[in-house]
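All remarks here apply to the structure that follows.
The chains carry the letters A, B, C and D, assigned in the order they are written, with residues numbered from 1 in each.
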Amino acid sequence: MDILSLFVVIPVLTITAILFLKDTRQVRLVSAFGMGLQLLMAALLVFLYLTARHAGNSDEMLFIRDYLWFKSLNIHYAVGVDGISVAMIALTSLVVFAGIFASWEVEFLRKEFFISLILLATGVFGFFISIDLFTMFLFYELAVIPMYLLIGIWGSGPKEYSAMKLTIMLMGGSALLLVGLLGIYFNSSPDATKLTFNILEISKVVIPLPAQRIFFPLTFLGFGVLGALFPFHTWSPDGHASAPTAVSMLHAGVLMKLGGYGAFRVAIFLMPEAAHELSWIFIILTSISVVYGAFGAIAQKDLKYINAYSSVSHCGLVLFAVLMMNQTAMNGAIIQMISHGLMTALFFALIGMLYGRTHTRLINEMGGLMKVIPFLSVCYVIAGLASLGLPGLSGFVAEMTIFVGAFQHHELFYRIVTIMAVSSIVITAVYILRVIAILLLGPTTNEHFEHLPDAKWFEKISVITLIGAVAAIGLVPFWLSTMIGTSLHPIINKILALNPF
Amino acid sequence: MNSGIPLQYFLILATVMFFTGVYGFLTRRNLITILMSVELILNSVNINFLAFNRYLYPHKLEGMFFSVFVIAVAASEAAVAIAIIINIYRRFTTINVEDVNEMKF
Amino acid sequence: MSLGTFLIMRHELLLITAALLVLIAELFWNPEKKKGISHFSLILFGVITIIGFLPSPEGSIFGGMYVSSGTRLLMKNILNIGTLIVFIQSIGWLKKEENVEKVSEYFLLLISTLVGMNFMISAGHFLIFYIGIELAIIPIAALAAYDRYKNKSAEAGIKLILSSALSSGILLYGISMIYGTTGTLYFNEVAALFGNTNLQILGFIFFFAGMAFKISIVPFHLWTADVYEGSPVNITSYLSVISKGASVFILMIILFTVFPVIIATWQKTIFVVSVLTMTIGNLFAIRQQNLKRFLAFSSISQAGYILLGMIGGNQLGMASIIYYILVYVFSNLGAFGVVAAISNAKGKENIDDYNGLYHTNPKLSLVMTLALFSLAGIPPVAGFFGKFFLFTAAAQKGFYLLVFIAVLNTIISLYYYLLVVKAMFISKSDTPIESFKSDISTRIALGICIAGIVLTGFASIIFEVIRNLSFGV
Amino acid sequence: MINFSYTIWILILPFFMFLLLGLAGHKLFKAKLSGLLGTGGLGIITILSYITAYRYFFVTGKIEGAFQKITAVNITWLQFTDKLHIDMGVLLDPISVMMLVVITTVSLMVHIYSLGYMKGEKGFERFFSFLSLFSFSMLGLVLATNIFQMYIFWELVGVSSFLLIGFYYQKPSAVRASKKAFIVTRFADLGFLIGILILSFNTKTFDFITLTNPTGTAILQGTGIGFLGLSIMTWSMIFVFMGGVGKSAMFPFHIWLPDAMEGPTPVSALIHAATMVVAGVYLVARMFPIYAISAPVALHVVAYVGAFSSLFAAIIACTQTDIKRVLAYSTMSQIGMMMCALGVASYGGEEGLGYMASMFHLFTHAMFKALLFLGAGAIIHAVHSNYMTDMGGLRKYLPITHITFLIACLTIAGIPPFSAFFSKDEILTAAFHSNKILFGVEYAVAGLTAFYMFRLYFNIFWGKDTQYHHTPHEAPATMTIPLILLAIASLFTGFIPFNKLVTSDSKVLESGLEMMIAIPSVLIGLLGIGIAYVMYRKETSIPDRLATTFKYGYKWAYNKFYIDELYLFVTKKIIFRYIAQPVAWFDRHIVDGTMNAIATVTQVISFRIRGFQSGQLQKYAFVFITGVIMLAIFFIYLWK
């Protein structure tokens, strides 16, 4: 058993263990144990990875394991990681770990809840370790489906509608994706003798440009739907609003990152020519996402909607940066994924906790919570500051890397669009501060809120884990940035070699 | 040719019979009549087979045999169909095809 | 030609023997003993299924009218497995008061149809093919009308028999034209002599329409829903899985071996009808309340997906179709098994009735969910792999547009499958189906289905075996 | 060469204090202890700063007659590209060392003062933790080695300002003010960021030393390429200046500053008078070689914005009654003067006088403005009101405050020998030699300043004898000691030879008092004081009559020329109502509506076509036959 497969095996074992539990009270302990183990594994992976790199291992991917699965189609179960996937895995394990604690008090069908949650995590982990397009796609879909049950059963509000919409739209994305992947597969070998799904092998050949022109948009849009690309983002506000806390966390924090990661790893990496040629279309869409999402967030009243639109904006930035196709911007995109993953998970965790106390998510029904529940409120402020890009927290590092990188683009059009995207930081500040001001500051408006309890121990674990990560990235971004940056080299070199700028 | 009647005539006859059968199938309301229309269709096929065999490929008897089997199968089909029609009559007290539509949409 | 060469027909012979044994038992056993007739048939059939997997000689007899090959044997074995599951599922249902008298009929007729299907699959000549196809469908019409005291059952029977008679007529008309233009009915000879004349294409289209009826491809599908709804659940599942599977197999064999000359024509035909089939099937399925009817339309759209494997005319396509049918056997029988269990126990067949089922019958709900996910093509269950291979097969020949339409259609289908999931897991009900314990046979059958659904996908060996056998027709 | 690497502790220490007090303050320490900890920490930093200043200015800083830029520490914090990377470090040069002294001095005074002023307030340790955060950020800002580090700390001072303005978070007005401050400056920072991006795109560096090397190549990048008639470099510098405009509360981004007075008074003294608001001036000074050499047009913008703001604010200040607001406008006005002085300067030699004057004034202004605010704090502390209408005759009750306040007022009015006399004189001289219009404006501002400050002074300490509920009493020693110290500073800082220490090209600049300028400037100061004396020494009706005479002018000035309302209109009405809400509506109804419509259409089609499934066997057969015929026609005749 190799270390990477453990990331799929551990959740599966956890699920199996939960299945055989009789006592539902132990379910969450087992889940926490499993996911805690996963977190440790992630830490170990980071360590092993850095050690290997330090020792001079300069392969594109490390810890590669390759098992032939379907021989006739040359489908493999192939895993491998570079700095980017390692970072994403670390992010995922953090968010999942925090998510388990954030859903500590789920009562209804507890067993099923944790099983679905961990199943979702399994899909995400699997996606990030895969270097075979088939398994990647398999895990991608595996991650989407538990969402339906999670939102549908444990959600709130118009949960059935939201769950259905989310699932259908994401599956719509995967429909585009599937066609794109098949297109890549059948063009993965110049003489059609050795077709492969393996990303590393495909990256060594040049897919014919006419094929790229068809399959790049499909693949990119396919992943873009999951990355909340305008105008395919509308599953996100409804889905997030209806989802239970941990699910929102995982979904916004991790699942949406599948989109950005895939767009980068599959669409752009494998089809750089078409990406270069067509990027302007998607740049326009993504910059609309960025600004539009931010404006959308200003007018919302529901906390989760605000955060959902904010996610649209931030995830738009990820795709935006990826499309800039230079080292710095892509580096920023990855950091932004991680940063946004942590931040938004933190946000959703806090919103869930606030909702659990006040039983409302409408900001104008709340007020002055800072006095009553200082711990949660301060955490909310920190999350907000991270989200609006305060230096010292992760958001700043990510956004600045993106902006600086994007602005290095040699074409004027891209630089002008970058300035448009940059303007989102002000709008972000507006809606974040609006929420903080209405929600937390000022006098306490409702006497029912006077005696709300502050965070419990499990809530603190959840929140502090995330804040710690956000601050760590924000304060010492160098190692993360370098880890990602070195992994980007082969990708950038490929792009540069093909498109002499 | 070993017969005075050209092949085309048989084929035209078969076609006419076929479409008569189809027309009957589509328009007759009585289930038994519909069954008879089906027989018309099958027999038009038989004529086709026989005519082709006789006129074009006289040294092999595939067409002949085929039509024999078609007749046999048609008979069994009719038997089952009539059994069911009897059951229909018991249940619906009618064999008008339009009344047999409990299930739709 | 020694007697031994008849062993090439081992599947058919065994089945005929079985049918005869059941008949003899029915005739000569005393009423007391007759209660065991269902178990007797079951064991008999189980043995046959196992024997079917033993190595068997390949070749052809009757001057090439009957062909046996690895692929065809595999197809027959798949059908055997499916039938076995149907048999196991129906044990409980056959114990019911109104069915006790007709147990042997049930087995007799089903085994007969299976004989027909086996002949059909092994056909090397249109005559055998025709006899097989009629043998396969006529007894089912009788079975559809099995519930003598139900209006719907009788209606299903008459609709099936008359529609199929019409389709047979048209099929035969097509065959007669093929015969007229080529002068032979042997598959290999027809393939060699087939041209591209208008009459031949007309003949082909008539033939195709007749076959499309059996697979219930739009616009030849309209009988499907009514017959599925009216027939007893077990018959419906047999009809939707085994009968359809057999027809798909033979259509594929004939398209690939008899009509390769006009591949351009039938590719276009399949393109059009598969788009129609998927879309119309899905659009109808969205609105259905009765689960049997719902599954009927779902199976129509499944037929549309299956056509994607055929369109390429490639080895991968053949392999993926056989594989998909195998997966489909498990998935659809799983779904029907649950419907049958609940229908037999509680008489409820509507989606609304399933509200809150998970809270009362979690295991059944899980089986149903897995089966539906498999039908929808959601990983990690086998349906995902099946669909993926089908689409790959179509994409290999460049039918990306078709693949795209198909994938969009899978989304619609996911929508309505999720409606059922929603009913079971999410919706609340004041009068949920009470918790009940289904009988042992149902549980065994569902267990086999689940094992199949889960394992067929992961165990790549299955697909590889199929792949290696394909094109060996 | 002395090793300056210990200066990193100037940054680390306050950050550590912030974390310590912020995370564990309310648990580990008693309130008083945390205050002392914070103050003590800052005391150490102050000493370190003084040592650094001494060593820099008098021991090693100078090489070949010019002060060197010394990079004491530089650590790569984030790598963008090979050339572009954010470093965290300490850059010592005359202005940063001067700022170091200013910040630590004022900050220390404010810390000590706060020990008394904030005594007993809830969240005492939080206050000190925020103060530490601010000190950290501000020091980081001035010591930045590269423009991006500066931007980082620029944002951090913004947020600490936000936190401190909103310190009384239960007070809606404070919350509003903090929000406003943050968003307005954030908007300005957007310009700063864009400026940085453009600048770095052209020069491929963030590093100040490389950027501002007057003989280097970076400074010449992008000067030729034009956009709307201005070079790219000019544009980038205008954008960078936009950040300065926001932070320094120049017109039109000044609106947040008066509202920021909602914060505790020591905060106003520290952040919104002495240190943070001059960051804009510091920024321009830091980039001065670029402005002067590559982007003179941008420098003109600086000059005119500064001059206009100073006049604009001075006029408003004459009408306000909230003493802290008067001081706020006064701050804005003074900073405008500094900006103007920078704007009229050019690089090197005699023409660089404005630069020196600006820095000089920055220095003196920090002292006397902090003094004014702290004095105002003492007054408010005693009277429990911000409005001068509630005050009068306080000289009897608050003797120390009175004297120190008077010193501060005389200083700002430019009366010799107080410090601002010298610095303001330099500014006027620089303006006079460069641009007569600007000189006129600044001259008028000098008069107005004297007027409104003494209006304030007379209203508070003289004027009517107001009856107080509680007899006002002098503040405790923790508050008065800083007052006295700062008063001394105001008295004597004017004699520091800035022309030898802080100049545009770091070389000694020969300059002296020009009597041509000095005498009229003193005269107009005295004139202002005189008018104020007449009008406000005793309770008279002159102000009211004047107000009615210049009814509209007064009303406009009193309402701050309705800039706030304009902003409100733009943000609430235009952005919120006509952009954000329509976007939200569009999203819900058009984009989402389309998605839903697809689903609905599918359902509708599904319903419409159900007629095919009529249940009629013969209709089925009809469809069947039609299908066959259609296929036949299709494939035989159309698509063969």
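The working rule: contacts are C-beta pairs under 8 Å (C-beta built on N, C-alpha and C of every residue); 3 or more make two chains touch, one makes a residue touch a chain.
As the structure is a computational prediction, the values presented were derived from the model and not from experiment.
> Between B-D and B-C, flag the pair that has more C-beta pairs in contact.
Between the chain pairs B-D and B-C, B-C carries more contacts.
> Taking the mean of all protein CA atoms as the centre, name the chain whose own CA mean is closest to it.
Smallest offset from the overall C-alpha mean is found for A.
> If you average the Cα atoms of subunit B and of subunit D to get two centres, how far apart are those centres in Å?
Here the centre of subunit D sits 96 Å away from the centre of subunit B.
> Cα centroid separation between subunit A and subunit B, in whole Å?
Centre separation, subunit A to subunit B: 65 Å.
> With chain centres defined as C-alpha means, what is the inter-centre distance between subunit B and subunit C in Å?
One centre to the other, that is 27 Å.
> Using mean CA coordinates as chain centres, what's the gap between subunit A and subunit C in Å?
One centre to the other, that is 42 Å.
> Touching two or more other chains, which residues of subunit C qualify?
Those would be 158-159, 162, 166, 170, 225-226, 287.
> Multi-chain contacts only, two chains or more: what residues does subunit B have there?
In subunit B, 22, 25, 34, 100-105 touch at least two other chains.
> Which positions in subunit D are in touch with at least two other chains?
610, 613, 615, 617, 621
> For this entry, which pairs of chains touch?
Taking the chains two at a time, the touching pairs are A-C, A-D, B-C, B-D, C-D.
> Going by the contact rule set out above, which residues of subunit A touch subunit D in the complex?
Subunit A residues touching subunit D: 165, 168-169, 230-231, 233-235, 237-238, 292, 295-296, 298-300, 309, 327-328, 331, 368, 370-371, 385, 388-392, 396-397, 400-401, 403-405, 407-408, 415, 418-419, 422-423, 425-426, 429-430, 433-434, 437, 440-444, 476-478, 481-482, 485.
> Looking at the complex, which residues from subunit D come into contact with subunit C?
Touch residues, subunit D against subunit C: 602-603, 605-607, 609-610, 612-613, 615, 617, 619-621, 623-624, 626-628, 631-632, 634-636, 639-640.
> Help me check something: in the complex, which residues belonging to subunit C touch subunit A?
316, 319, 373, 378-380, 384, 388-389, 391-392, 395-396, 400, 403-404, 407-408, 410-411, 414-415, 418, 421-422, 425-427, 460, 463-464, 467-468
> For the complex, which residues does subunit C have touching subunit D?
Those in contact with subunit D are residues 158-159, 162-163, 166-167, 170, 198, 201-202, 205-206, 208-209, 213, 218-220, 222-223, 225-226, 265, 268-269, 272-273, 280, 283-284, 286-287, 412.
> Please name which positions on subunit B make contact with subunit D in the complex.
Listed in rising order, the residues are 22, 25-27, 34, 97-98, 100-105.
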